[in-house]
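Look at the two complexes coming up: chain A is in both, with chain B in one and chain C in the other.
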Partner chain A sequence: MSEFSALSEAVIKGDIQTAVAETQTALDAGSNVQDIVDKGLIAAMDQVGEKFSTGQMFVPQMLRSAKTMQECMKLIKPLFEEGQLSAKGKVVIGTVRQDLHDIGKNLVAMMMEGAGFSITDLGVDVSPKDFTQKAQEVGADIVAMSALLSTTMPAMRETIEALQEAGIRDKVKVMIGGAPVTENFASEIKADSYAPDAGSAVIAAKKLLGIS
Partner chain B sequence: MIIVGEKINTSRKSIAAAVEAQDVDFISEVAREQAEAGAHYIDVNAGTFLDKEVGYLCWLVEVVQNAVDLPLCLDSPNPKALAEAIKHHKGEPMINSISLEKERYEALLPVVTDRPCRVVALCMAETSMPNTVEERVQAGAQLINKLTNEGIPLEKIYLDPLVQPVSVDTGMGTAVLGAIQSIMNDLPGVNTICGLSNISFGLPMRSLINRNFLALCMNSGLSAAILDPTDKQLMATLLSTDMLLGRDEYCENFIEAYQSGHISGLS
Partner chain C sequence: MKRSEIPTFQPRLRVLNREQALAIHTAALEILEKTGFKMEHPRALEMLVDRGCEIFDGDWLRMPPHLVEEALKSAPKQISLYDQKGAKAMDLTGENSFYGTGSDATFTLDVETGERRRTVLKDVSNFATLVDDLENIDFAMSMANPEDAPIEDIYVYVFAEMVRNINKPIVFIADSGRDIAKIHEIACSVVGGEEELQRKPFILNYSEAISPLRFPENVMEKLIFCAQKKIPLCLPSGSNAGGGAPVTLAGAMALGIAENLVGLVVHQMAGKGSPFLFGPNVSALDMKSSVVCYGCPEWSLTQAALADMRDEIYGLPIWAFAGASDAKVMDAQAGAEAMFSIITAMLSRANLIHDVGFLEYGSTSSLEMITMANELIAMSRFYVQGIPVNDATLALEVIERVGRGGPGSIFLMDDHTYDHFMEALFLPKLLDRSRYDAWKNEGAMDLYKRCNMEAKRILFEHEVDPKPDAVLKEIEQILKSS
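Take a look at the complex of A and B:
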């Protein structure tokens, strides 16, 4: 049992009040702040993602857990200097050009943030150029793209080509997902990974970056 | 209630395989079973094939209309596929779908005004998905205004309020129900249509949620639905709701469906 098990449990349950109180208690007790994040919050969200992927938890519960973690982070973030909080990796995420669907993309962004990645969410209707520029600007490790329409899936290929042209394709891993997107399509356009849901996206992202 | 049978969609593995193999018998059978179960339109969607979509969609139109004597719902976000498929269609198809998104609207307008058809119009603004009742109603009114000005009769327009998951925002159910109500009250003659399964994304017991949502939508005035008519429980919900809303004289349709084995309370 980790010393933060009560905190973890509260995050899994989505009990904001208890989780925030537990975070405060841990801070008051002088616990290492990075430990609170890693062993308390992220460990909890890892479990949430796993339970979601295996059908033991559902979207509203996942959202609630993510919200709980965000509330805890509000206490923690001011204690870190800019950039000092160690992130698992930098992810630039968005829904591709001419596609306005964001529900799935938002779930993936939220779970990745919960897993400790630093997220830059470009929103919907993101052009290949915007993906590429932002990836260069933040030094992204992963570019994650979503499409919900068969007509917008080709924009994923174009984005990968844009990354290539900008000379950063070998510096970033590309993940894709969305209802019409398949594993086959991912290999066809030479994306590095395909994920069918938010829980799997986290697992895939960690695998891509060699994080356990 | 106008029923659009949703089963011939290449996002389903068995359909994709049959389309690739050009299996006329399999597709014909899926068309026939939906027609027998009460579909008024058979939806055809080959969107997952991307580059090959146009050819496959045209093939589906031919095959399905050879198998059943029904109009089709030509279903694609790709205006080019719809423009080609409509040329192969006999009678008056339903075109699914047009929206205020500039490119899609401009590409589809000549298709839907070229010959008589019914048009599914998505209640979304040009640059965003709708959240509230008002956003849906506003986009719907704008579409109706534009399409009727182009000569499409009001009763041939099917507004789709765009169902979004209640798991993500618990207001998503009432947003659709309120939009249906408001559209049907304010614009007599227009139709409303929706798919059901998005409502239950991310939740357990999805088919039960879908069924209850169908009943609520019908109570709000929904006039058409895209669904699986061979789902006996779902059809039981549809027919019993119609009956409870006073639209089934002598409860004839409900009883008839029960006696012929088309509906069931059991899964």
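Take a look at the complex of A and C:
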């Protein structure tokens, strides 16, 4: 058992109060901050992800765990210099142009954040230009796009083209998802990955970046 | 002495009492008055402000309840849909229930191979042809989001494909004010002009607001277009429990109704007296996979509740779903879920019931599933007719005749049986009741296999009355101009 097992336990249970108190205790005891994140919080979220994908946990419970982690991070973040906290990868995510549906996209963002990715959520109706600019600005590893309407799917292709024109297509991996999106469509528009749901999006993102 | 006529009670489902119905309605009005909603269509926003809505935070509005009352008064209590030859086909009012298919499935179960594959335009025509033939399926939606149609005009192509392959009413989807105008043009050419289409509409538009409380510009363009052209429309948002709405069903219904009422108010302002079909979609998000469930008891329950609210408060014909499943193949789960929603929709007297034939939470369409549902609807209709009680059905004379008739006297031989068995009993066509050996000798087929063969037979044999050449040419031209 790691020294952070009480913290991990609280994150898995979604017990915000206990998790925040445990984080504070660990900080007061002088624990290495990156260790608290990696061995306490992210280790817990890995277990949450595992339990969720094997059907032992429901969505609201998984999200409560993610929220618990976020609350703990509020204590931790100020202790890091800008950019010093190592994330698994930087993800720029949004629902594509002309599409205003965001439930699925929000789920993916929450789960990725829980898995240790740093997330920049651009919201809905995000133009190819905005995706590209933000990806450049934050130095994104992954651009993740969502579409619920078949009529907005072409915006995914345009966004990929915009990344190309900006000369950063080879620097970022592109993931897509949403009800009408298919594996075939992903390969047709040369996206790097397609994920049918939030759980698989996390797995796909890790795979894309070569992290286990 | 002759017995006086006894009225037949027809089995009926109720799930709300009056107090519950009023409380949900009041909650919906409170959402509009206190929380408000986001109206992204500038002209709709302007109209609403002119009529007394309060504007805040840019394009958010709060609505006074009297606007809802006025809209409920002016909306027609009955909507009639006609077939494409001008005969009345669906009287959407009161206790009448009509079933039809759903739209936009990404995949279909291939009728030849059984494999799940992307839908193409040919699927749209196959589904339309099947529905044209099935006696208990009253209207068609596309059942496909075909990958071989140009995506900017996908709904125009899909509509044209349906028109060519069915003469029953069509419930259609459009993207915005642009493509709906083309679809309208096609519909006008089918019946011989805009006036004729208004008099005898065979189309109904399905559009959706976005829960919670968002009204995108393209959606309102369609709504206003329909209101002005008197095309019947429904605007169910997806206020699914745990998804677009609170996880508790009462709150999800209140939210969905509030959103529907905003649609109704704008609709009646844009076209007073134009036909509006009431009712949100209130299903539930699955708490493991986060899909919107199509086979869950929640959706059937909220829709029965909405039917009660129609009876208690709104008086408008209502929109519903049935005959769909979350199963990936047409298995026992698919049968159970399809029947559950089909019978409850009928028992609660929902009026226009769509999504028949969906598998995989609406992502996959299946010709076999519709073929099965056609029979399940027949089964339900038989059940809902109830038990007529009169001299002929009590059959006391027959009981005496056969009972005292001596050896060899059996009911099966009696004229009364011969005269009445067709309407007295339900006679299945696809549900198997054969004796074991017969079933085995026929190939030991399950219901999926039998439905598959029946669907293939219909596609092979059924001839849809073709549209006149002039109409087909006009449709081609409209498609070319896209």
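Here is the rule we use: the second predicted complex is superposed on the first by the 212 of 212 C-alpha atoms of A that agree within 3 Å, B and C clash if a C-alpha of one lies under 4 Å from a C-alpha of the other, contacts with A are read in each partner's own complex, and residues count from 1 in each chain.
Note that a residue touches a chain if its C-beta (ideal position, glycine included) is under 8 Å from a C-beta of that chain, and two chains touch if they have at least 3 such contacts.
All values reported here derive from a predicted model rather than from experimental measurement.
J.: Would you mind checking whether chain B and chain C clash or fit side by side on chain A after the superposition?
T.: In the superposition, chain B runs into chain C.
J.: Mind working out whether A:184 is in touch with chain B, chain C, both or neither, as first, second, both or neither?
T.: After superposition on chain A, A:184 lies in contact with chain C alone.
J.: Tell me the contact category for A:154 with respect to chain B and chain C: first, second, both or neither.
T.: both
J.: Please work out whether A:136 is in contact with chain B alone, chain C alone, both, or neither, and reply first, second, both or neither.
T.: neither
J.: Output check: A:58 vs chain B and chain C. Expected answer is one of first, second, both, neither. What do you get?
T.: both
J.: Counting only touches as set out at the top, which of chain B and chain C does A:47 meet: first, second, both, neither?
T.: A:47: touches no partner chain.
J.: Shared contact residues on chain A, chain B side and chain C side combined as an intersection?
T.: Correct list for chain A: 55, 58-60, 98, 100-101, 103, 107, 149-151, 153-154, 179-180, 182.
J.: Using the touch rule from the top, collect the residues of chain A that touch chain C in their complex.
T.: 55, 58-60, 98, 100-101, 103-104, 107, 149-151, 153-154, 179-180, 182, 184, 197-198
J.: If we count contacts the way the header does, which residues on chain C are in touch with chain A in the complex?
T.: It is residues 104, 106, 118, 145, 151-152, 154, 175, 210, 214, 216, 218, 242-244, 247, 285, 287-290, 363 of chain C that touch chain A.
J.: Quick check: in the complex, which residue numbers of chain A touch chain B?
T.: Of all residues in chain A, those touching chain B are 55, 58-60, 62-63, 98, 100-103, 106-107, 124-125, 149-154, 179-180, 182.
J.: Looking at the complex, which residues from chain B come into contact with chain A?
T.: Touching chain A from chain B are residues 11, 47-50, 53, 76-78, 101, 103, 124, 127-129, 164-165, 167-168, 170, 201-204.
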